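Letters A, B, C and D mark the chains in the order given here, with residues in each chain numbered from 1 onward.
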Amino acid sequence: MEVNAAEDLAIASRILSDQGVFDAAGHVSMRDPHHADRFLMSRSLAPALVTADDVMAFTLDCEPCDPRGRTPFIERYLHGGIYRRRPDVMAVAHGHTPSVVPFGLVGTPMVATYHNAAFLAAGVPVFDIRATFGMTDIVISSAERGAALAEALGDKAVLLLRAHGFVAVGPSLPAAVFRAIFTEISARVQLQAVTLGGSIAALELDEGRLADAINLATVGRSWEFWKRRVTP
Amino acid sequence: MEVNAAEDLAIASRILSDQGVFDAAGHVSMRDPHHADRFLMSRSLAPALVTADDVMAFTLDCEPCDPRGRTPFIERYLHGGIYRRRPDVMAVAHGHTPSVVPFGLVGTPMVATYHNAAFLAAGVPVFDIRATFGMTDIVISSAERGAALAEALGDKAVLLLRAHGFVAVGPSLPAAVFRAIFTEISARVQLQAVTLGGSIAALELDEGRLADAINLATVGRSWEFWKRRVTP
Amino acid sequence: MEVNAAEDLAIASRILSDQGVFDAAGHVSMRDPHHADRFLMSRSLAPALVTADDVMAFTLDCEPCDPRGRTPFIERYLHGGIYRRRPDVMAVAHGHTPSVVPFGLVGTPMVATYHNAAFLAAGVPVFDIRATFGMTDIVISSAERGAALAEALGDKAVLLLRAHGFVAVGPSLPAAVFRAIFTEISARVQLQAVTLGGSIAALELDEGRLADAINLATVGRSWEFWKRRVTP
Amino acid sequence: MEVNAAEDLAIASRILSDQGVFDAAGHVSMRDPHHADRFLMSRSLAPALVTADDVMAFTLDCEPCDPRGRTPFIERYLHGGIYRRRPDVMAVAHGHTPSVVPFGLVGTPMVATYHNAAFLAAGVPVFDIRATFGMTDIVISSAERGAALAEALGDKAVLLLRAHGFVAVGPSLPAAVFRAIFTEISARVQLQAVTLGGSIAALELDEGRLADAINLATVGRSWEFWKRRVTP
């Protein structure tokens, strides 16, 4: 495992806490930059507390490569399922922010309310664990559940989990963090637009594609700012 | 009274302030681990300021065992009534958070919007003090009011008090704290889901039961995080 | 002017900022405890910055008793008008909090959503400056405007100013501060209850009267907590 | 470039971050007080981090006068377009606050909900980039786009950008900052008034004009307070 990767991943975890996407729970992972068949993820720990030492490496079967007595998150199968199915994905964030959970509970589709949420314009599917697994504890705690979730995600950037939360993925760690943050903010914007009433002139598909390219090109500016808030 | 119990209870009080469930008011209690017929609760004090020295022991009749000149909360009868009726309850939290109070004012039942709120899936009754006591000052200031409230709670985890607030109970102190926090958050989620409109695909009864077991098994991770924020 | 009174008033100003009732604007005053025909109020200054040295004394005509080169708030006439008409009022707070302003813009009456807002149960009138003065700059900048506002307040605890803000009064400085804070919180609760829909089982008139007496008797506990947050 | 102007502009940028109008993005500019055909604006940087050294001067064609290797914001064309068309404008702020974006997505016009938002009473137009440019990346990245935006602004104080954000302008830097802040707050007030339902008794045109004059005359009090929070 690369030292810099573990350090960046710990920073990402603390950024998502600091920005209100994670609370006492939530986890973010990244594909190992030197081993495409592995991913890195914190041990089971509140995301605000994660440091590089807490980062573990896993195979795509979600087996720890070097446990050293550390307890992994049960939901690592959510991450593993996505890395297995989506070679383009380099990072995955999973949270339960109060503004996003509602969209997994009702029929209203999420839209891309503004340029920063451009990645939503391609559509946001909903994964209802009942469809395949019936009555469960909701947790993505097996390879089967992880695979079903990854299938529901398809080629999209964000997936809603009914009565659970959401997943945001990206072609880089800063991109996945950016998308998780603006999924939360766009959800708030859409809730308020719905309150105002009438149709919502969200980004069209082509606008979303064009604006997303700009976001990916300039995400470093946001990352540096967020990082500064969570590093001593 | 055990020193560790008083210390833990003070931490619970400060956690519920720090997490926005308590404001200048609110109180949390626990059954005395060594005397099942006693409970521990802070003297009348803003919950953010509670330390172990402020914790008093009470009989289930709400008589202080060792007052030492300290003034108890009037509403200790709310706690005593529950401990008397519910031997399984080891801790009780009572707050008035702005997101939860609305559900005690209207006919919309609270639902379990996501796994962290699984304990709501069994149903959330509403206690209207008018039904038994007519026009009052709303305060649960007598054994009779405490008993009526405990009867309204029944075997549930959360009770709404009309025009007042809510009570969350649990099989341990961290569990009651967890439930108070996620009652508040789930209320916010449900308010936003109602704003979006349409039916809400909340946790079903069996999903709630299964997810609650996971929550109770992993509550320590959240407790340690919350505790760290309120201990020097 | 009493030193302690000026000190308490400065603390009240900082409390109302700290609790989110005041932003860069807002002001609180108190009747001079030794001169019932005078009131104390900060010079024109952001309320979070007020210290005892900023407190000026005014006659009920709103003339400064001891200006020492300090610039008074234009809106002192709002305060003077109330002290003149309401001998029972010992303190007045005026703010523009985003949750309360909406109730001055629409036909929905404010209700007392829970015991801490009991003082609202007697009713909350709305003052529309257009009714008497036509097109204005909205500011309560004259004795005539102050008198009209005080007449609209009548014997109530809270008055809404259309397209402007609100006034909360009380029989003591902590009581007025308490009422300003819980006017804001109750407004939020009511907004959310309206979102849920259906009729709202707010406090009835007699419940409000009884609960208000409890609040006034126990306001010291909240005051001490709020004060501790804004004093070094 | 004047030192004091660059210092003030950096403070304005940090104020708008501190007050929640800017997040990781957003930018504010001012006309060069000594060169009416130039404007000052930060290099591309998170607005909370801007210091005087980051401030660059631009011609009204958005060419940097003294780049010194610094990278300008792509969206400087938004600012340049306005300075070119509106000689009365001395400062421009552009943000994407979650409460304001919804008003650019739906048909509900923004109104002036209270005196601090008086500048909205003259009306708030919406700029939809599709009308002139079709499918784009939404960014105001050329002189043509900047000119179209400035035309949409007309003689108003605030312009909404569909699926993007808003622009607030003023006759001084503190005035533009004040307007950006109260555009955000008034948006929140209006959203809540809409939730309550019924017609909204917002400021009339003449009230807005009169109240705006008061705001412009007293903006220094707010500026000093906001500034104190962001200067060491």
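The working rule: a contact is a pair of C-beta atoms (placed from the backbone, for glycine too) under 8 Å apart; a residue touches a chain by one contact, two chains touch by 3 or more.
Just so it is clear, the structure is predicted and the values come from calculations on it, not from any experiment.
Asks: Starting at subunit A, find the fewest moves between touching chains needed to arrive at subunit D.
Replies: The fewest steps needed to get from subunit A to subunit D is 1.
Asks: Could you check if the interface between copies subunit B and subunit C is built from the same residues on both sides, meaning over half shared, or from different ones?
Replies: different
Asks: For subunit B versus subunit C, what separation do you get between their C-alpha means, in angstrom?
Replies: 32
Asks: Report the inter-centroid distance (CA atoms only) between subunit A and subunit C in whole Å.
Replies: From the centre of subunit A to the centre of subunit C is 45 Å.
Asks: Hunt down the residues of subunit D that sit against at least two other chains at once, touch-wise.
Replies: 195
Asks: Which residues of subunit A touch subunit D once you look at their complex with the stated criterion?
Replies: 112-116, 118, 185, 188-190, 192-193, 195-204, 206-207, 210-211, 213-214, 218, 221-222, 224-226, 228
Asks: Could you pull out which subunit B residues touch subunit C in their complex?
Replies: Result: residues 23-25, 44-46, 48-49, 96, 98-99, 101-108, 128, 130, 135-139, 162-165, 191, 194-195 of subunit B touch subunit C.
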